[in-house]
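Here subunit A shows up in two complexes: once beside subunit B, once beside subunit C.
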Partner chain A sequence: MAQVALNKLVKRYGAYQALHEVDMTVENGEFVVLVGPSGCGKSTLLRTIAGLEEISGGTISIGGRVVNTIRPKERDIAMVFQSYALYPHKTVRKNMSFALKLAGVAQPEIDKAVERAAAILGLEPLLDRKPKQLSGGQRQRVAMGRAIVRNPQVFLFDEPLSNLDAKLRVQMRAEIRELHQRLGATTVYVTHDQIEAMTMADKIVVMRDGHIEQIGHPLELYDRPANRFVAGFIGSPAMNFIEGQVDASGTDRFIASDGTAIPVSARLGILKRSPAVLAIRPEDLSIVEENTPGAFPGMVSVVETTGPETIVIANSCGTRLSVVIKERSRLKLGEKVWLSADVSKLHFFEASKDGRRLAA
Partner chain B sequence: MKDSRRTLLISLPVAILVIVAVFPFLWMAVSAFKPLSQLYTIPPQWLPDPPTLANFKNVLFESNIPRYFVNSLIISIGSTFLALVFAVFAAYGFARFDFRGRSAALAFVLIGQLLPTATVIVPLYIVLNYLGLINTYLGLILVYLILTLPLSVWMLTGYFRGIPKELEDAAIIDGASQLGVLFRISLPLVTPGIIAVTLYSFVATWNEFVFALSFATEKEMKTLPIGLAEFSTEFDTDWGAVMAASFVMTLPIALIFLVMQRMFVSGLMSGATKG
Partner chain C sequence: MTLRNISPGVWFILPTMLLLAALIVYPMLSTAELSVTDANGAFSGMRNFNVAISAPSTRLILFNTAYYVIGSVVFQLLLGILAGILLNQHFAGRSLVRSLMLIPWVVPGIVAAMTWAWMFHTDYGIINYMLMQVGIISEPIGWLTNPNTVMPALIAVNAWKMFPFVAVMVLAGLQSVPEELYEAVRVDGASFWHEIWHIMLPQLRPVLVSITLLLTIWALDGITIIYSITGGGPANRSMIFPIQIYVQAFEYFEFNRAAALSVLYFLFISVIIVLYMRVFAAQEKD
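Entry: the complex of A and B
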């Protein structure tokens, strides 16, 4: 087991810079999830840790050893690929023993390691099958088996669940977490799915355009996103953003660009009269009676029912606001509703392009 | 009703194609067993009556055909093997490595193929003569390499490109060297391509006529196609012998196809990645 540390890591492809001085540390035994939209550099980052991509600057160290120019096989890592990348002409057993065989491990030991990994993942009955005789979930499990057979210092996962159907994905999510708890190996996991990140990570690294936007515990990112991008990326349905400015002339209110007033905390006096973005999580909005103090109007444009909750999308404050409510709704399209925000759970961001979080 | 009409629409062209392709072959086989008197009858006599082995006896024991057969075998196998070795490395390089001038080089490989055979015979003869390779196995093997290598490289490049990059990444992570990746992972997966190239290269060199005629002039070095032509003289053609020799010449090809057909399976890649 080992710590993985990236220091001012830079990756360029010709003139295009894929990673901009990335600093990040994965502690020993930690499960870190890299998340971001496609093209943000998360897979590139993972491949540089694996040694599949050469880096253009900075350092990568694994277990205290700088591995910049060290070949993948000497980095003591294992990787699970999005497409599973099983060797189609080899049986499950041979797929799993390939790395050990190349490393010159004696056959009896290989057999033992394969049997052990197969037992952990429930692959024993499949050992003599070829990959094409396996289902998607089984292939995924073999890919993981191939990784754990080697007992590596670091596990790297590159979107391992994105080819599975929704139900299997949830199941494998739990299995990977369980496996991590059991093996305690340092893990870097790449995904574009923020729910996977939220549910699996000890620590989430949010990336965009080759930069790290924020690193933190999942709930920290959820409760105190460092900027507008993280706020919008983490959480589903996505956070609502309302442009406008704080007006502290009478009562403390946020005036949306269309003039709608939303009550905010009095401590926001410092933000007075400068353009800002008010952000509210959908579950922090509620639908209330017309004469409730602080309520502001909206027009229902979409109602989505998931079963346990209902997502109402309303046109209000010059934008579309998502509201998550627990009770079943009888709202009709075009109906006028009154919305109220939980004053203690509001977020404010700069109106600039970076959209940094404003102290509040 | 509609279905049967569609079946007819498909099967009729297929049937015509099969007849056009197979009839000469059958006619050759049948004629090889006919005595001379039955070869020219009008209307044609469909089956030999009685069948005779005289033509085969003539070809196998009284002509140079057995020697030519061995020559052809050595030259075809030699050039096919060499073409495979070179094509595997070249194609893998073209498929996997990004280097300056790659697409230009890949295009250039085919340019040799564009030159008419007639224009290269003289230069080739001069070069071979200079190297002392006229009337040698190596000479013809090298010449045939020029003939088959370009297309072999192109075919194999396509097959190698069809292998997912992630599969090779996985092997590298597993500790394989670049050559290890090629031989342990990629090469087994392009088996259908290897077979296609082998078939193409073997058949092309086995049947080649013009180069063989120009560069192997001595009896000891001649190949089968030349041997076939030798049955036609200025005054006469021994059609019975030609048919029997053709039959002998066809056997190895037919045999290779039969053996390799089963290995020529598709779907070798299935199961590697998400299908």
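Entry: the complex of A and C
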């Protein structure tokens, strides 16, 4: 087990810069998830840690040792690939033992390590099969087995669940998490799925365009997103953003661009007059009676039922607002509703492009 | 039964079937008939076969054929795989080298054979000249006249002629190997040699099985190079089966014996192909 530290890491492909001076530390035994949209640099970052990409600047250290120019095999890492990259002509047993064999480990020890990993992952009955005789989930497990057998300092996962169906993905998510708790290995995990990030991570790193947008505990990111991008990326359905400004007349209201007034906390005096973005999570909005104080109107445009909850999308405040309600809804399309926002759960961001969080 | 009752499928395949019958089935039956008759068309039983089998040269020719085929295929594969792997690496001028490599394959067989015949010439050939200039040999070697060097020389020409084909197929095969497999094996601690042995060759297996069959067939009926360079000499030392059949038929006009040799050769090749399919094609399935 080891700490992974990235210091001012830069990666360029010709004129294109994929990573901009990335600083990040993965503590010993920590499960860190890199998350972001396609092309944000998360996979590139993982591959530089693995040594599959050369870096253009900065340092990478694993367990206190700078590994910038060290080849993948000497970094003491194991990687699980999106396609699993199992050796198609080798049996499961040989797939799992290959790295140890290359390292010159004695056969009895290899056997022991493979048996142990197979027992952890429930692969014993499959050891003599070839990858094409396995289902997607079994291949996924073999890929993890191949990583575990080596007992590496760091585990790297590159979108390992994206080729599985939804149900299996949820199951494997839990298994990987359980495995991590059992082995306690330092892990860096890449995904574009924010739910995977939220459910699995000790610490989430949100990336965009080769920059780190925010690093933090999942709930910290959820409750206090550092900017509008993180706010919109984390959480499903996504957070609602309403453009406008805090009322200058001193009545503690936020006036949306279409003139709708939403009550806000009195402490927002400092924000008065400047354009801002009010953000609120769908579950912090509710549908209320017409005469409720502070309620503002909207018109129902979509009603989605998931079973335990209902997502209502309403045209209001010059935008479309998602509202998550626990009870079943009889709302009809085009019906007028009254919405109310939980004043203690409001977020404010700058109206600028960066959209940084405004203190409030 | 009227014409209307015949399935339309039959009409579709009929032209091809007739063509095949005329071009393949008829000559085969005709050859079989020739092999059991004498020059006057009278039935002669197995006499032509007995003559062919008991001829002292037949054993040598069989040996030469096997030598030539095995030698050619082995070196074509070795050189081709090596070239394919090298040309799959990234280096400056790769496209140019890839194109240049195709030259031996593109050159007409007869042109290549005549050029090599000159290069191997004992007195005027560039090969002896160069070897003597650098002091590897002290006197000229009769590459094509020495019984011990003639087959290796011909095999070298055949290997040179066909290795680009193997290289092209190997290159195509390698380009379909997913990049993640190489990365996985690198993370697992493999060297370049390990990559070749554990990733490239196993992934190329289906391609190699098919091209080995093709190369074997081409070597088995490969007349051009040997016939135009040595004509089977010296003293039958480079004589292979197809050339012997040709010589019997069109130089000695012994059509019946040539037919008997053809039938024997047909059986010989059939055995090889069946064995090959049994061993490799069966393994391919699992």
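Just so we're on the same page, the second predicted complex is superposed on the first by the 358 of 360 C-alpha atoms of A that agree within 3 Å, B and C clash if a C-alpha of one lies under 4 Å from a C-alpha of the other, contacts with A are read in each partner's own complex, and residues count from 1 in each chain.
Please note the rule applied: a residue touches a chain if its C-beta (ideal position, glycine included) is under 8 Å from a C-beta of that chain, and two chains touch if they have at least 3 such contacts.
The structure presented is a predicted model; accordingly, all values stated were derived computationally and were not measured.
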item	value
Fit-or-clash call for subunit B and subunit C when the two complexes are aligned on subunit A	clash
Partner chain in contact with A:G137 - subunit B first, subunit C second, else both or neither	neither
Partner chain in contact with A:A103 - subunit B first, subunit C second, else both or neither	both
Partner chain(s) touched by A:Q82 [first = subunit B, second = subunit C, both, neither]	both
Which of subunit B and subunit C A:K73 touches, first, second, both or neither	both
First, second, both or neither for A:N163, with subunit B first and subunit C second	first
Greater residue coverage of subunit A in the superposed arrangement, subunit B or subunit C	B
Which of subunit B and subunit C A:A50 touches, first, second, both or neither	both
First, second, both or neither for A:G39, with subunit B first and subunit C second	neither
Overlapping contact positions on subunit A, where the subunit C interface meets the subunit B interface	50-52, 72-73, 77-79, 81-83, 85-89, 98-99, 102-103, 146
Interfacial residue positions of subunit C with respect to subunit A in the complex	178, 180-181, 183-190, 194, 198-199, 202-203, 205
Interfacial residue positions of subunit B with respect to subunit A in the complex	164, 166-167, 169-176, 180, 184-185, 188-189, 267-275
Parts of subunit A lying in touch with subunit C, wherever the complex brings them together	50-52, 71-73, 77-79, 81-83, 85-90, 98-99, 102-103, 146, 150
In the complex, subunit A residues that touch subunit B	47, 50-52, 72-73, 77-79, 81-89, 98-99, 102-103, 130-134, 136, 139, 146, 163
